[in-house]
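My questions will all concern the structure given below.
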């Protein structure tokens, strides 16, 4: 577990360093906010409506497909690591597994899910 | 498929412009979007409305020529030309031979320069930055030629009523030949960068298809019209100047999509170079300007004259009442109609396609707003 | 903000503090001057010359100037081209939305004083200094790339003279 | 001149002070983190400068020339200027999300370097899940871009953020599958093991025909997409979305996105070096030089892409990933399995 | 079809409604009766001999005494071109829209409406076009128009 401490240290040091530069900039930079300046930029026009809207659902479907595949990949990694010891059986099994996955992909493709709008 | 589409997506209104990198000036599109798909476009123009026509009403004919320069600054020569042609038609003037040939050389060089700007900005709008700089590199050669002729890089005031302002300097012809010699290789270079680039092709094929009937009905002209398969070029169909003496092709394509418009313009650059070469060969000696009185008063009358500019039909409608100033000058640019038709061909496409269509139509805002 | 403005006042009292102040001034103003990112903003004819200046022969990048499309990240508006009455509020808004310190170059006759559209035009703003504060004026219709580069160098000189106390 | 010895010397010096082991380790790690942070800052500044010079020379220009010799101080000046820029938060923005997005973006890019094998013995911590950790931590970048897009409450930023999320999500899978095919050969997830399994030049995975070159090309394509660079730079497509997700960011926050982009580019190249080009392995020169050299070559290739290609459209981008790269990468994985099992090129 | 033939053809086709004006220098200029505009446009577009399918230009004119709207039309396939004018009334000028005939007329008509104040009946969206959204100073292309900040070119 001790090795993983490095990850924690890196995260903390990273956040710390970035915050430190922000602090440094705070000392130096001007600050003069007013209404027009803080208005959202929309090509030099006043923004029409809010941008927090119900966004295109297609996006969430992509996310779902992604999650499906990502979970499969979690299974792939241990298989790949232990492949040397497992031999032919593992290979055939994984080919079947991947084929099932690809059938899923083909289904999604046919259903038109993979069309980004 | 259908189940997904039934799920609700909120429409939102997105302003694209007036300050936007790819609206070619200061045009604004009010887009009704559904996700990335454009449901409706409304162009809002007028951000560059400078009242050129009002200004023309209070200038003498000689003073109007520099005003027309600002009407369409990418091809100022043809603006000069269109106006000079209108006034010459009014006054039924004879133009010296040498001036005619010089006009052709300048117009065609200017067409190349304008197409090079289009080439650069099109590539830029599609995300390729390097072709932009290549296009501008060759454009500088042409600008050098113009500069040695009339002292300006962009607003030339060179083609005047009755001829051209002054004769070309002696180095012009050799320099121009030098440029023409390298130019074909340069166009090959551009084509290598884009024409068969897979990404460029998929971005442009079948995007913004403009069928020929629609193009004519909406008044689209120039390369955009020819890309739809209509062989219409005023240099041939309604010859002005001495275009009927030259041998050149009018390229046409069939599909009318962005890619065809690209191909047409690339071919046109080569054709223009061909015309310049012929004109240089035939260039006669002699006067460069007809005798025009200091206080120039064309007879009363009205004329609409049109020429083929790099963006399509450029028309000048001039009313003279016999005094030193015109009653009315109306300028008509090709971009006006091409911008007008953009909503028609953009619905259902994505933002990125709008950018590509805008680039391929080669819209330039001062021609619309004046 | 505020602390840095008071710093010179404080440092003056310290022996040798002047050295710190001047060298800080030097570093800050030099780096600001040599990295003026300009906003991609052009309306008319001058915009073409602005593009030509950015292109290979004249090459803005030599001076460390690159374009940014968003006003939030740019330091400089080169108002290239005619500003009409319809455009004027938009230019002001763009200027407002830039992060300070920000500079304006009025490029071309139209932005300086209306240029060829001063007379007889009902739609052109007669000089953009009615709308935004201008640092450098470049006359010409349109100015040549050389004069634009000269204008930028003039602006650089102006920025290099800035001291910490002057910061807004 | 191997650098590992120097670090070892300092570590032993620290041990000899008699501090408890825990403290020694923590101090060493913090020191390593600070050193790598410094390295990355310098590296990113260098890459920005380099990119500007490369682009300039591709385009027959000179690029920065006025600040120092060939403008070497240019990006330093840019950084100091960005420190002086005002920091604007739009009034309708979600302040917390808006504030933390750049931090997260940079930290995600930075934390990868825990397992980066810079040279022989130059690795902060050789985690036994190495490459999986890299894959996991780089995914945080998407969240930060999404945060930036959402937090700005700007439509362009939102479109940019959404695009970036969809894009990275799509390209993640072929990338991971490709990495998986290398892991299959190595039989370990540790970065050091991956490097050590390619000790000789003919053992580099790029040369293991036929699977190696395909895997490498898929990796480079997906890597370009993951770092949002042309032809996949849709999230910040200047000509479409003004500046995409970072349209509202100014000053130091923008600088963080900017730096993170270049750090990510370096990361992708470094991982590519480790996986396919034998990492630090190489004759004569010290290992870290080999590592840096190979990485910079890959970085150069990414830059070359950027200044040559136009940009894809968003739906074409997605289709390319799902309909072409994904099946190809799975096929390649099976191919790799067959190769490993049958023993071709498996020396 | 040359100039004389064209004049004759049009005068024969629309007797009484269309008259030839003498202002045309190159191409013929016709005057079309106020109420007859739309019908005329439809007819010249659908006529096979003419086939004026292409609208080049619409220009509003204020000659000082009266308003005019000038249409320049062309035929892409027959390669002929002519212009015709219509004279709206001085008070409350109004003309018919020709969008149904040539959709490209849309913006030209908007412009005429905005700059000359000539009302276009049947136009779907007469909104502010070239002038600022908050413009309230009338129709600037009219000859007698003036505004406080409008500077005329001084006569030398």
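Order of writing sets the chain letters: A, B, C, D and E. Residues in each chain are counted from 1.
Assume a residue touches a chain if its C-beta (ideal position, glycine included) is under 8 Å from a C-beta of that chain, and two chains touch if they have at least 3 such contacts.
Please read these numbers as outputs of a predicted model, since none were measured by experiment.
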| item | value |
| --- | --- |
| Common touching chains of subunit B and subunit A | C, D |
| If a chain touches subunit B and subunit D alike, it appears here | A, C |
| Centroid comparison with subunit D (C-alpha atoms), farthest chain | E |
| Pair joined by the larger number of C-beta contacts - A-D, B-C | A-D |
| Chain located farthest away, centre of subunit C as origin (C-alpha) | E |
| Subunit C-subunit E separation of Cα centroids, rounded to whole Å | 45 |
| Centre distance in Å when subunit C and subunit D are each reduced to the mean of their C-alpha atoms | 35 |
| Separation of subunit B from subunit E, taking each centre as the mean of its C-alpha atoms, in whole Å | 24 |
| Mean-CA-position distance for subunit C and subunit A (Å) | 39 |
| Sites on subunit C at which at least two other chains make contact | 28, 56, 69-72, 84, 86, 90, 94, 97, 100-101, 119-120, 122-123 |
| Contacts with two or more other chains, residues of subunit B listed in rising order | 12, 14, 18-21, 36, 46, 49, 51, 54, 58-59, 133, 137 |
| Contacts with 2+ other chains: residues of subunit D | 59-61, 84-88, 155-156, 238, 242, 247-248, 251, 314-315 |
| Chains touching one another, given as label pairs in label order | A-B, A-C, A-D, B-C, B-D, B-E, C-D, C-E |
| For the subunit C and subunit D complex, residues of the former touching the latter | 27-28, 30-32, 34-35, 56, 59, 61-64, 66, 68-70, 72-73, 75, 97, 99-101 |
| Subunit D contact footprint on subunit A (complex, rising order) | 2-7, 9-11, 13-15, 17-19, 21-22, 24-26, 28-33, 35, 37-43, 47, 50-52, 55-56, 59, 62-63, 65-66, 69-70, 73, 76-77, 80-84, 87-88, 91, 94-95, 98, 101-102, 105, 109, 114-117 |
| Of all residues in subunit B, those that touch subunit C in their complex | 18-21, 25-26, 46-51, 54-55, 57-59, 66-67, 70, 73-74, 117, 120, 132-133, 136-137, 139-140, 143, 153-155, 365-366 |
| Subunit C partner contacts - residues on subunit A that touch it in the complex | 26-32, 34, 36-37, 39, 41, 44-45 |
| Interface residues, subunit C side, partner subunit B - complex | 40-45, 47-49, 51-52, 55-57, 69, 71, 81-82, 84, 86-87, 90, 94, 116-117, 119-124, 141-142, 144 |
